[in-house]
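Dropping the structures in below, format is structure tokens.
Next, two complexes with chain A in common: one pairs it with chain B, the other with chain C.
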Partner chain A sequence: MKFRKSAFLIIGLLFVLSTVLAGCGGNSAGGQGKTLIYGRGADSPKLDPALVTDGESFRVTGNIMETLVQYEKDSMNVTEGLATEWKNSEDGKKWTFKLRDDVKFHDGTKFNAEAVVFNFQRWMNREHLGSKKDDFIYYGSMFGGYKGDKGHVIESVKAVDEYTVEFTLKKPQGPFLQNLAMSPFAIASPKAVKKDPSKFAEHPVGTGPFKFKSWKKNDSITLEKNNDYWKKGLPKLDRVIFKSIPDNSARLTALQSGDIDVMDGLNPDDAKRVEKNKQLQLYKRPPNNVGYLAFNMEKKPFHKKKVRQAINHAVNKKGLIKSFYANLAEPAKNPMPPSLWGYNDKVEEYEYDLDKAKKLLKEAGYEDGFEVEFYAMPEPRPYMPDGRKIAEYIQADLKKIGIKTKIVSPEWQSYLEDTQEGKHEMALLGWTGDNGDPDNFLYVLLDKDNTKIPAQNISFYKSDKLHDILIEAQKETDQSKRTEYYQKAQEIIHEDAPWVPLVYATPPLAGQSYVKGYVPHPKGTESLAEVDIQK
Partner chain B sequence: MNEPVLTERHSVTELNQEKVESPFRETMRALLHHRSAMIGGGIILFLILIAFIAPLLLPFGYNQIDADARLQPPSAEHWFGTDDFGRDIFARVVYGARISLWVGFFAITGSIVIGSVLGLIAGYYGGWRDTLISRSFDILLAFPAILLAIAIVAMLGPSLENAMYAIAIINIPTFGRLMRSRVLAVKQEDFVLAAQAIGMKDTRILFHHILPNSWTPIMVQGTLGFATAVLEAAALGFIGMGAQPPDPEWGKMLSDSRGFFQSAPWTMIFPGLAIMLTVLGFNLLGDGLRDVLDPRMKQ
Partner chain C sequence: MLIPVLIGMSVITFFIVHAIPGSPAKALLGERASPEALHQLEEKMGLNDPLYIQYFNYIKNLLQGDLGTSIQTGQPVSEEIIPYLAATFELALFAMVIAVFFGVNLGIFSAWRQNSSVDYLSMVIALIGVSMPVFWLGLMEQWIFAQELAWFPSSGRLDSRLFFEPVTHFYFLDALIQGDFVVLQDALKHMVLPAVALGTIPMAIIARMTRSSMLEVLRSDYIRTARAKGVGELLIIYKHALKNALIPIVTVFGLQMGLLLGGAILTETIFSWPGVGRYLYDAIHARDYAVVQSGILVVATIFVLINLIVDLLYAWIDPRIQYGKE
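== the complex of A and B ==
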């Protein structure tokens, strides 16, 4: 009993202490001028966009570093960025970019064609890697590998004059311009990289509206206004703090109490409450994602198409959306969202029909069902606010057709590793599009090229027919022809059913009503240059 | 000379037969007059009854999903409301009682059996056996109980059975040490010496003579331990290391309803109340038992 009393005492003291400390944090974060505190679910793994593929890193680096071309404020259409003009040669192999001449990096050095060349050399040669664990992973998957690889698309990058850059490609690449606008290909200051290549990811230097100031791991990242920003009058804020608050409800509480100004990852169920609250405003990120259930086709019984189709018939997507998305989602039937060009609306969804599912299982020889392990993600994702509950929901239906599932939910990092290594039998996962091109969904997630461990294609779906079409579509530069290829690809995928495409989600966000000019971007992260606070 | 003595003895025996009750009956009688013990016992009986009978009468299954009826407040149809799956919370709480009682019973029985045997051996034989067993208990007790349980489940893999084993294991030292200390006292008694003197086997002495004379504190501790076990199962369930979906374990229900405790508090209140009631029931009964069984408390 004595032990318990003292335990209570200690816990009580901790509470008091934490409240006091939390209070301190709030005060010191204020400072001078306009500060925006952005609450989010997790810290950034690294602050060098070329080394990562995750949104939490891009969310910060996108405000520090900029790309040659950018997406429009609220769509995936490409517009000018650090380059003002560009043209593609007749044969599609030569791209020439005219650069801005009034841009400076945060360290005072000039942004010019040499800087662009330096960055591309850095990514394609991998000579600046801080350690072997690092990798310019996204460069490899978007441009067909690295210098010397057979599939590598970029032949050379040249500085024609101080403000002109020329790319020569080995073969035309349809989504080339879209790719250049992606967050990982933001231009870093050559001086800062050369100074300490291995530590660049800890204090990035770019041309963006905000300068990197400090980083408290797993807590917050602070950026400060870049007074010499090339867009006159921007940014409007003096300081941005990205604060990690892992729990969605706790983050909303922090917003309601005024500790943060904007939050990502609102529980869909709380959207209505935010809408009713006059002090808050609700944002909806345009849907550009897909949440899915992947079968590991290398494991029995998912090598049988009929089993996969049967489970497709056994998932009640409408019920899922009603229960866990507060209707902020659409049922999915293809592996890419309908907001993207090339979407095939003619594909007929596997309707929710348990009798059909049972019949297909019987035909496949699994009349008595089977048992499987079902991976469900432990953390809320934009495309899936609560993976474990969604799995539990699907579990109940699968039980009705005789399939017993055991839901497993290792922590997020192991979850990704396990699924990339194919340890799962069935797994929930999803994807937010990074460049507004169907290639970024279909090729990345379902082509046989991406079944090499660590695999992005966690179904380990290997279809030569699909591969040929996707490669053709990459080489093609005419968008109407590419549309045809991608529509055909979606038909093949639908028939083979390596996934149950679950939903296209509209992730809700919330902010204080005094926050002006915040526009959530479909790619999942956005520049905060035009955001203002008007209290 | 001989006769009166015999008569006297005879009469004494008769007297004893009239007045002395069996200890069990005596305990029961005292317990029936102990108010808080009766309340505790009543709660437990009620829970057991509900766990076994109510599922037969329920109109809803505990895993009956209905997306159209999600997060409904308590009503005549859904007494405790519904959760975010549209499942009837009353049904889930009732089935949850089965799970909690089942886990508590088997975990505590397991740790009583193993702990008592180890305690008997350690206390009776002493020497290296005592050192070995007692130091193992010390090692187990050095860890905070719930942390140890988490570590055990992490090794075995999260499931209800493994949570039960973990709870059983972390409670072994409590019963073991209790038993050992009782045995140390009892083995000095004349009847044990007498048994040893007539050459009775150790096992018979241990289980027929020492054990029955040492079990009262174990019983009290067992009842109180049941409450702790229910709490520990709920804690493991809450962090996802106990019952797995779709099992309606109370701790897991609490954890699942974290997101709605402002908009739909009933998803949290009823499983919470169920845990509280169960723990309260066993604690009251345990306290009552202790009062009744403690010779010092007798008038």
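== the complex of A and C ==
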């Protein structure tokens, strides 16, 4: 009896196995219309852009919801979005926006000035509508806090008429317009938010080219075409699926076997392979980041300018880029990338010259060199694929001019803590831009205001001259004047050399050759409205 | 047994998780953590309370059946974890089916033909199986069977183009309930590579265990008697011998099943399997305390339960073992 039972079991198992094998080969039924599958490294934590700071959330929400002004397709310059025109008052404190009158949210409600006011009220009040546990992180950091805070920039937002919104600021804010174009400040449907504030981040509703359809956690998010999209003829795709495939190599395998159509996060080493493959195409995302080596100027011998300049001469950026970025980066000379307006191309790079470096060290009184601790990142970052190896590479050159370094590499969280507290002597770090404003790089990373622990300015570089210029530039709203300030600022920083600006990385992506019209945006995520599939 | 183990687990995970440097606020804000934002967020998350108060709050909520809320997504862990658990369970189950089927038969065959070339070959296979790193095997599988031969998909549980609303989150069960055979077939195809990768090590371990256990039994007197009576060889092996050799095998099975549940992280990462291993891994990265603590507790509970079931199985396999009677 027993024997027969186990025999049945075995036969049963064989049957299952054969079904599996029989299943191979045939293609499963696809959905109707054009579907694009976008492979990426991680799932989105939340789909309410106002609540998050991570790119994987913005990648999806940017296609569902839109901002008042947008960045141009391939740069960080601001152009019209849900607002068609805007003006700033003489004193810089009043901004008036004219809105589009032909836009509807996915739930059928009308987009108008009331909706804009509703969204700003929600963010600035933080606890608006029972979203008690939520914090609108980016709002606080870009607009100086929340309602009631001392530094909060926005005094009031009001609807002048159905399609006109007016912002009154407490003081002029230079980057205001640039800020409004950021993904977290996309306009949500007030009706959808009110319906269930705590669940909005699971079912976002906006005005964008695609509508939210479904979400399988840690697996895929599906969006569907918005047939009533205000830009006529768009989107070209019927469906977009964002699929999480955490391992970079596995994601490339999925691309090569046709499981996905576009992938983010290609290993730089695989870029050549993609280029050679006729069925694939390689994309390079324009840089909106900078990777740097910061000196802790509060520690000897980095209080001496000549020492800092000497090390600037001792780093071979081109060699670095060739060895660790597979040439997918540009050597940096300023603390902000060239894709931003205000970039000062006249600044002359400290060229790689070990003799000059030695000479400067001698002048500074460190002819025999010295020993320091050198922090290197334990994890790959967008601006630096392998911190430790890059540190070793720099270490070898520094040894030639008599500087001995000991590389330390604590776990990432501690790494940030240590550097923010100034425990390091030299450290590698980087920054990815938020709003495409030079202020977002120069002020955040190098102003003396940001040397308070935990510091963002991990060089602890305190220059009053620079501070005055950066503050002036923040108050100014005329872009040409601001450009002048920032170009001057870059000269000062270059001379004082608180960093060795290392690279502007251009992260590589790959896609099937039949994917048309995909343009990677410097901010890290992009609208897929104009993307098409032509097989 | 269950209660003290779980209390111990909760204490250990809580304090280990909180001992990891860095805070969820910092993980959330990353490089752009300005001092004020950081402070406000930590205050809001209750991270400035003394540790024992945080632990006390955690246990208090736990006793009320509240596993906490994920910091990253803002959703309750008890709701969020279900699809991940189901995904892992399904994968582990299939891996175990493969491991047991091939492991037991390989072991039996080796023992039956001890010291033959087949025996040596099987044991070499088992040795390779034990020694092979899962991630390497997974990547090789992907390369050969997904990329070159294109027999199986390389990642995920289901083709994303298929629209499918899971109910139980066990895709096979869901597909059967809904009578959707396209989904069933697709789910099967997605299962093969990760299940083989995950099942290889337990398969090898089970094969070796079965072999040594069977060797012992096959030498015993009653088997000789059975042979002398002229009982068929197949019947001797599968009925008379296997049952007595089963106890060590079942023990290994229980332990391996537990390991599969918790230890599928590598497989889940390579094959983009949205399981509990990856869920926890991501949570550790984000210092999502609630998810890590409660997630580990849930997995530990299942582990303990499986071992309980294994203990009960002993009694069924060997009636001489009885619980509660001395």
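By definition in this document, the second predicted complex is superposed on the first by the 322 of 535 C-alpha atoms of A that agree within 3 Å, B and C clash if a C-alpha of one lies under 4 Å from a C-alpha of the other, contacts with A are read in each partner's own complex, and residues count from 1 in each chain.
Keep this in mind: a contact is a pair of C-beta atoms (placed from the backbone, for glycine too) under 8 Å apart; a residue touches a chain by one contact, two chains touch by 3 or more.
Everything numeric here is computed off the predicted structure, so don't read it as measured data.
Chain A is touched at more residues by one of its partners, and among chain B and chain C that partner is C.
By the document's definition of touching, neither partner reaches A:330: not chain B, not chain C.
Once the two complexes are overlaid on the shared chain, A:319 sits against chain B while remaining clear of chain C. Looking at the shared chain after the overlay, A:56 reaches neither chain B nor chain C. In the superposition on chain A, contact of A:45 is made with chain C only, not with chain B. Residue contacts after overlaying the shared chain place A:224 against neither chain B nor chain C. In the superposition on chain A, A:447 contacts neither chain B nor chain C. In the superposition on chain A, contact of A:249 is made with both chain B and chain C. Comparing which residues of chain A touch chain B with which touch chain C, the overlap comprises 247, 249. Put simply, chain C touches chain A in their complex at residues 20-23, 26-38, 40-41, 44, 69, 72-75, 80, 83-84, 97, 101, 139, 142-143, 146-147, 150-163, 165-166, 182, 185-186, 188-189, 191-192, 235, 238-239, 243, 269-272, 274, 278-279, 282, 286-287.
Interface of chain A with chain B (complex): residues 247-249, 267, 269-270, 273, 316, 318-320, 322-324, 378, 386, 388-389, 391-393, 395-396, 406-407, 409.
The residues of chain A lying in touch with chain C in their complex are 2-3, 6, 10, 13, 16, 19-20, 23-25, 28-31, 35, 37, 42, 45-46, 51, 53-54, 133-135, 137, 140-141, 145, 198, 201-202, 214, 216-220, 222, 241, 243-247, 249-251, 253-254, 256-257, 259, 410-414, 416-417, 420, 429-432, 434, 444, 450, 452-456.
Chain B makes touch with chain A in their complex at residues 63, 65, 67-68, 70-71, 84-86, 240, 244-246, 256, 258-263.
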